[in-house]
Amino acid sequence: MPNKERPALVQGNIACGYGALAAGCSFFGGYPITPSTEIAEFMARELPKRGGKFIQMEDEMGSLAAVIGASIAGAKAMTATSGPGFSLMQEHIGFAYITETPIVVVNVMRGGPSTGLPTMTSQSDTLQAGFGTHGDYYAVAFAPSSVQEVFEYTVKAFNAAEFLQTPVVLLMDETLAHMREKFIYPPTDSIEVINRKKPETPFAWFKRFEMTPDCISDFPAFGDGYRYHITGLVHDPMGFPTAVSSEIVKSAEKLRDKILIHKDRFTYYEKFMTDDAIWLIIAFGTAARSAKQAVIEARHHRMKVGLLQLYTIWPFPDELIAELSRNVEGIVVAEMNMGQLIREVKKACPRKLPILGANRYDGVLITPDEIIHSLKAVHGSKEK
Amino acid sequence: MPNKERPALVQGNIACGYGALAAGCSFFGGYPITPSTEIAEFMARELPKRGGKFIQMEDEMGSLAAVIGASIAGAKAMTATSGPGFSLMQEHIGFAYITETPIVVVNVMRGGPSTGLPTMTSQSDTLQAGFGTHGDYYAVAFAPSSVQEVFEYTVKAFNAAEFLQTPVVLLMDETLAHMREKFIYPPTDSIEVINRKKPETPFAWFKRFEMTPDCISDFPAFGDGYRYHITGLVHDPMGFPTAVSSEIVKSAEKLRDKILIHKDRFTYYEKFMTDDAIWLIIAFGTAARSAKQAVIEARHHRMKVGLLQLYTIWPFPDELIAELSRNVEGIVVAEMNMGQLIREVKKACPRKLPILGANRYDGVLITPDEIIHSLKAVHGSKEK
Amino acid sequence: MAETAAKKPKVRYPEGKIVVFEKWCKRCGICVAFCPTGALAEDERGVPYLATPDKCVLCAQCWLRCPDFAIIKGPEIKEEE
Amino acid sequence: MAETAAKKPKVRYPEGKIVVFEKWCKRCGICVAFCPTGALAEDERGVPYLATPDKCVLCAQCWLRCPDFAIIKGPEIKEEE
Amino acid sequence: MNKNKQNKESFKMEVRLAGSGGQGLITAGMILAKAAVLTGKLNAVQTQSYGPEARGGASRSDVIISDYEQIYYPKARKLDILLAFNEESYYKYTPLLKGAGILIVDEKYVPEVKEKNAIRFPFITTAKTEIGTPIVANIIAVGFIGGLTGILGKKVLREAVTTSFKEAFRKKNLKALEIGYRVGGKHTERMKFL
Amino acid sequence: MNKNKQNKESFKMEVRLAGSGGQGLITAGMILAKAAVLTGKLNAVQTQSYGPEARGGASRSDVIISDYEQIYYPKARKLDILLAFNEESYYKYTPLLKGAGILIVDEKYVPEVKEKNAIRFPFITTAKTEIGTPIVANIIAVGFIGGLTGILGKKVLREAVTTSFKEAFRKKNLKALEIGYRVGGKHTERMKFL
Amino acid sequence: MGPKSPIYDYLRYKKKFPTVWCPGCGIGTIMGAIIRAVMSLGYDKNDVVMVSGIGCSSRMPAYVDFNTLHTTHGRAIAFATGIKLAKPHLKLIVVTGDGDGLAIGGNHFIHAARRNIDITHILINNSIYGMTGGQYSPTTPRRAFAYTAPYGNIEPDFDVVELGIAAGASFVARTAVYHIIQMGKIIEKALKHKGYSLVDVISQCPVLYGRLNKMRSPVEMLLWQKEHTVDIKVAAKKSPEELEGKYIVGIFKDDPDMPEYVSEYQKLIDSLKE
Amino acid sequence: MGPKSPIYDYLRYKKKFPTVWCPGCGIGTIMGAIIRAVMSLGYDKNDVVMVSGIGCSSRMPAYVDFNTLHTTHGRAIAFATGIKLAKPHLKLIVVTGDGDGLAIGGNHFIHAARRNIDITHILINNSIYGMTGGQYSPTTPRRAFAYTAPYGNIEPDFDVVELGIAAGASFVARTAVYHIIQMGKIIEKALKHKGYSLVDVISQCPVLYGRLNKMRSPVEMLLWQKEHTVDIKVAAKKSPEELEGKYIVGIFKDDPDMPEYVSEYQKLIDSLKE
């Protein structure tokens, strides 16, 4: 564990483990996979020391099942995986969603599809994090870009999961996961920790999935004396399966609105030199670091460039993009895939603007030069 | 099997089986799930009569694995599933994609997420069919809307899979799958059947994943005397893993370009009364049938409405939408989910047009009235 | 929601013996078939009833076997109304 | 791509006995340890060689055990150029 | 074909068969639709609704028969004919009947019917008494609708029944068809108003 | 801090340690970065590249040390210092050296070096002869870079080494650090040009 | 008000009855046996968790007044593992079908058995996929019919008991719905056992398995169970030929001394405190 | 040109050597044994298919000149099932690690064994997850160390042989890399056997398992294998105490008469022709 008095050199994956513990995580169920294994190994070392539980399950379906089970039993629970495992977890992400169970799923992205490039960096599971499970699904996903932020956003991921009672995905990339960087453990009392809403109603009146104005219901743990039913079928406020049209609609809308009502609260981003920017870069994760460097260098060449760094990927901050797009003449979306986030940006921009991608998909961190190159291209496309 | 001389009453799922046999399918590997089971049961009855093979595997990962294996051994192979199974198949869809293995995956959509509404209709796996697997993935998915079309598009799905050497998804919905309707078996010689490209090169010069102008490589079956390597890792033209930047890039682009180069060939749609239309409905599957009815009824009320019915969902026909959007004043996207296809439509429309959804997500087929209701709303929004 | 269970059973089950909840009974025939004394019989609808109350020795076979909790031992029942 | 295999081994392996492909050898020590006659030894780099050719009885232990196909029986070899 | 009777350019008939699971109404709908298709001239589509469970529960089958090339929306909207085999279905779907739409109920299982012009017939009892098993009540209903509407010849109806059952069950079902057809035929005048 | 020596407002140094797997260069990078962070004043980020396999293959570790609040792009671009432990790395990365960038090679494993001002030192041989095991060559290199650059005090370097190894290995590594620091210190004048 | 009998306190009878199961289906009878076992052990309902997957049998949790969790197909045991590990004092009862527990769920089954985690697994074995309408399962006997085995099944079936023992479960038994008294006793023992306890219960699916395999009524199927089962003690005295085609019922393994997973984990935690 | 020896005809040595495996890793030795078995059986290379999952051991197919398929983690057997069924004359060799074959792949393993489909499964059992860097696996012994078992593993390990037999495989054997001659013979027999043949090969991972468990060299690990294995014939004469902590090697089951899946399917097809 880190020395809390002094800055330390910490790896991204380890900072994720610190963050989880700081958020109150007491259960980790996982199945090893590069480049996320250090998180599991850290939790295997640290959890039992604190009375928490680590279990290596037989596969990823089992891992997420155990994590959801633990959460239902009251634990703050997480898993960590990478693309192939994330694919296998899709069914259970949907189950956690419809049963409103808070869990944190860390996906350390490597090159895909399939086994792909297991040791190399990527951001190509971005769309999957939004649309990977079957059925209508409103995802929540955060993406930090430095070791310090990994800590911070792991805590935020637990908070969002607990508050919203939904699965939250933490998207990292291999570069960030294996990077070692200066890390300062924040003062413990500065770390905000949110816990799920517990019932005050007596058992007789209790409804696990009660419709409430803010769409958040009380969630006692199994064993707390509130006996109720949980199912992956569409259910009524008591938790029992329903085929009544109005109940089905309400239940689907509750799940959606829960995310949308609280969207602002969990939309994190940073504007970097955007005030006077005529050209905007949009990026997240380590690509955003390259982008920041690109902004600085482009400004050396008197190009008025700014960066919007997204920390919340899902729900996608359409309004924010729409607003920022109003004042710029072109946008570059820098990402380590063949163009995923750019789809959302295009959809969000109400104006017809040149929007270009700066993409890299050979397993190597995108460079500032490549982003500048795309900036020049978008500049050119505007002039024509 | 149908009487080929006379019209017959045939169920959607069964027409899918007929189509598969007509396309030359000789292998089915599956795991039962409502509302797709009739397809498996049909294949279990019919395949052994023809020397083909049916196997019920232990789960959906196994099903798709067996299907891919059979295809590698030279068989035309398929599976059929529904949402939960489709989620579990995502890893192997990516594997088939990166290894360029033709397979057909039928997803009969029911209400989701998770177990959801197992016996009720839905179109809510639409986005998952596009983005469900990890990594950069370019999907191919077709969606018929009548029993006759189920037959036709099952054949087309096999053809596209064999031609493109990629997984093709046939999206049906529960209504269509269980609907019985007039079906006329087309004259056998009118059924176009495409087979994968086989090598003429001698073994010594053969490269399974050779870069070619149209991105299609020769694909001999295992046992044909061409011994080569297949892996889910990013690979070079010989099929061996690579970490060389230029090879990685080429391999990813080949997979993408293969789909994009041949996009037009596999983009199927129907324009219904669009010539003079001022308002456009976009729909697919059984929702398109409701939409057609809506068009006819709206026209009774002198509303100039047309329908673009998509049969190819992925790759999404952006250009087509862009073109059609030019002449209309508003668009309604009618679908049985909370708004999935509409995202693509919004992205594809270069003009700022009112685009509204007509959505139904209670497990019941959307009605013409509901679509007309949305038409009126989009009409109103334009006037404001 | 209690309506299914609420309807009072017809009094075809003498005090202290067994009672059949017709609303839950699915007429599967198991209780009648495995009643060792032949006390139970099916009526015209297939619903079991205690045809020969004296034969019933409260052996528990019928209520243990009934898949639908549609038979219970009489003494434990108090039908309110 | 044949370069790894192509380099001709130094002739430390007399005709008709065993040959070590140094490029493939990972110096794991298995062959030397399990050579029953002690014919093999490691050089200063850890690479095995037939230190005492006369002791080699072609028992096959080394080439069956070598995980890297880096030892083969001599007579079967024809090194081309 | 009694297209002309419809006094419409083209002809379309929407039928709903509703009751509870196990009454064979999905089979009935299927046979009706099959008969229509076997005429070679008509188009037909049959759909059904399930409850939340894959098996059991309420059962409902819609048949649309038409001489249009295509039937778009495949579910019944305004019913020409409603056959109700239980009370729930009767209450739920009667409001969907067209003005001149024909309501047919099993008089034993839907005892209280407000609509005066409803056709009441003891399908299930008839099946039991005349054929010895209630299961064929659905085919009596098929025959009934066939006789009533007159759009499907008895020949195709017989063919549809024959090809839908295994040898062992054919005879009873054909007999049921016959009975239904005969009784239904007595009500053909009702079709004029449709 | 020799910020002033840099003749820049702010200071940033990009180091690449490259060789083959098993030479401990990732550990070396980590220790350099750790020492920088332990100063309490410097920021540091260390990254690495893997080959296609999770284990083995070529090995490369980048360290960026700076007194900026943040280091954005975390990989080395224009190298201030390149340490090459094998020929492949030498050929591959020398072109990335800045004009005045310092090239350090293991003189035994990179025998043919064109650059005249390259610093050549037998790290691996020294480790073997002076400490008895080649594994600590990486720590000699750490010491060397420490001594050469002078930006990291010997104290933090010792601390970084001490906290990175288990008891049993500490002594040898500290000795290696000492040796490297001493030899590296002889080349400090090269820093002037950086 | 509804019926008054202690067992109804354990049922969500006001809300959920009658059950979804077909007439004569064995699942309800097994549910009764489980509840009676819990009652006789005097467990607090708040401490009991029933977890299931997907299938007819997996609908059971909705009817019982415990903490109930109806999960995804095949994964119930893995969910239960998480619950048990997070709150060790809870009593975990997992109910699965044969498809749920042995086909898609086979892996979780063997691994939970290997870990010997304290979960009671009631495997409701009707030799068919009920919920999806009658496809063959890993326990459908060879030659039997199913909708995906229209010409008779060519796959051998698992011997669930042998598999459970080989995987490492510390309590393994087989019983049948017909053997109603034995079933009750065995389930009670399984619940009391600390470790992974597997009870393979032969059950009847009259509408699918029965109809496809020419057993026309639930009663006929129960009598089939009677004729095709042999008690383990009786079986010990019979020759393999005599036992051909029979299922042995009884307790095959009951080893209270095998280390249990959650306790082992607790020991680890305790050891780290020192 | 490269070396000339018959075995090199079976290697993709020009392209792929040296292998990715660590010095002294047992996988290469097993690869040699497999190739020699294929050679001695005189199989046509075009008829041999080698399928693997993901892991160190699963890299093997890239090195051998057969039809080779490197699939996803845990699923090799299911892929092989599809190939075998589609082209029955092909000889299917599946190589998996212990994690690949028994953790994530456990379900496909038991089901393929149950079907008794004609596939030879070489389970390279190094008691650790190699490729991902040393986490415990279902065959890591209790108390052994791994990166996810930093305080010693608390989970019991599978007895792979018992599991294979219980699941229904018709040929089940165990051997060890140390027993190089026996390994070769057993693999040859497994290949010849018609039906599911499982060979559990105890192998060494010196850099992860060895280092974490204080066995410093490949040689030391091979000697450990020698000391901790007992031949099945010798074992028959020993007491359980004497066998404590030992792995029995040899052929445990070899039943050529159990119906094989693909042949049964062929019979079904033939019967429908009549």
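Each chain gets a letter, A, B, C, D, E, F, G and H, in the order it is written, and its residues are counted from 1.
Everything that follows uses one rule, which is that a contact is a pair of C-beta atoms (placed from the backbone, for glycine too) under 8 Å apart; a residue touches a chain by one contact, two chains touch by 3 or more.
What you see is a predicted model, and the numbers here were worked out from it, not measured in a lab.
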| item | value |
| --- | --- |
| Shared chain contacts [subunit B and subunit C, defined touch] | G |
| Least step count from subunit A to subunit D, where 1 means the two chains touch | 2 |
| Chain pair with more C-beta contacts, D-H versus B-G | D-H |
| Whole-Å separation of chain centres (CA-atom averages), subunit E against subunit G | 43 |
| For subunit C paired with subunit F, centre-to-centre distance based on mean C-alpha positions, whole Å | 86 |
| Cα-centroid distance, subunit A relative to subunit C, in whole angstrom | 57 |
| Where subunit D and subunit F are represented by their mean Cα positions, the distance between them in whole Å | 38 |
| Shared-contact residues (touching 2 or more other chains) in subunit E | 51-54 |
| Overlap residues in subunit H, where contacts from two or more other chains coincide | 15, 22, 54, 70, 72, 74, 103-104, 106-107, 111, 131-133, 138, 151, 265, 268, 272 |
| In the complex with subunit A, residue positions of subunit B that touch it | 61, 83-84, 86-88, 90-91, 94-95, 97-99, 109, 111-118, 120, 122, 124-125, 127-128, 130-137, 231-234, 243, 245-246, 248-249, 252, 256, 337-338, 340, 343, 346-347, 350-352, 361-364 |
| List of subunit G residues in touch with subunit C within their complex | 1-8, 11, 13-15, 17-19, 21-29, 31-33, 36, 180-181, 184, 206, 217-219, 222 |
| Subunit B contact footprint on subunit E (complex, rising order) | 30, 33-34, 37-38, 40, 43-48, 50-54, 70-75, 77 |
| Contact set on subunit B toward subunit G in their complex | 31-34, 37, 40-41, 44-45, 48, 54, 56, 58-60, 84, 114-115 |
| Subunit B residues touching subunit E - in the complex, by the definition given at the top | 6-9, 34, 117-120, 146, 175, 178-182, 286, 289-290, 292-293, 296, 365, 367-368 |
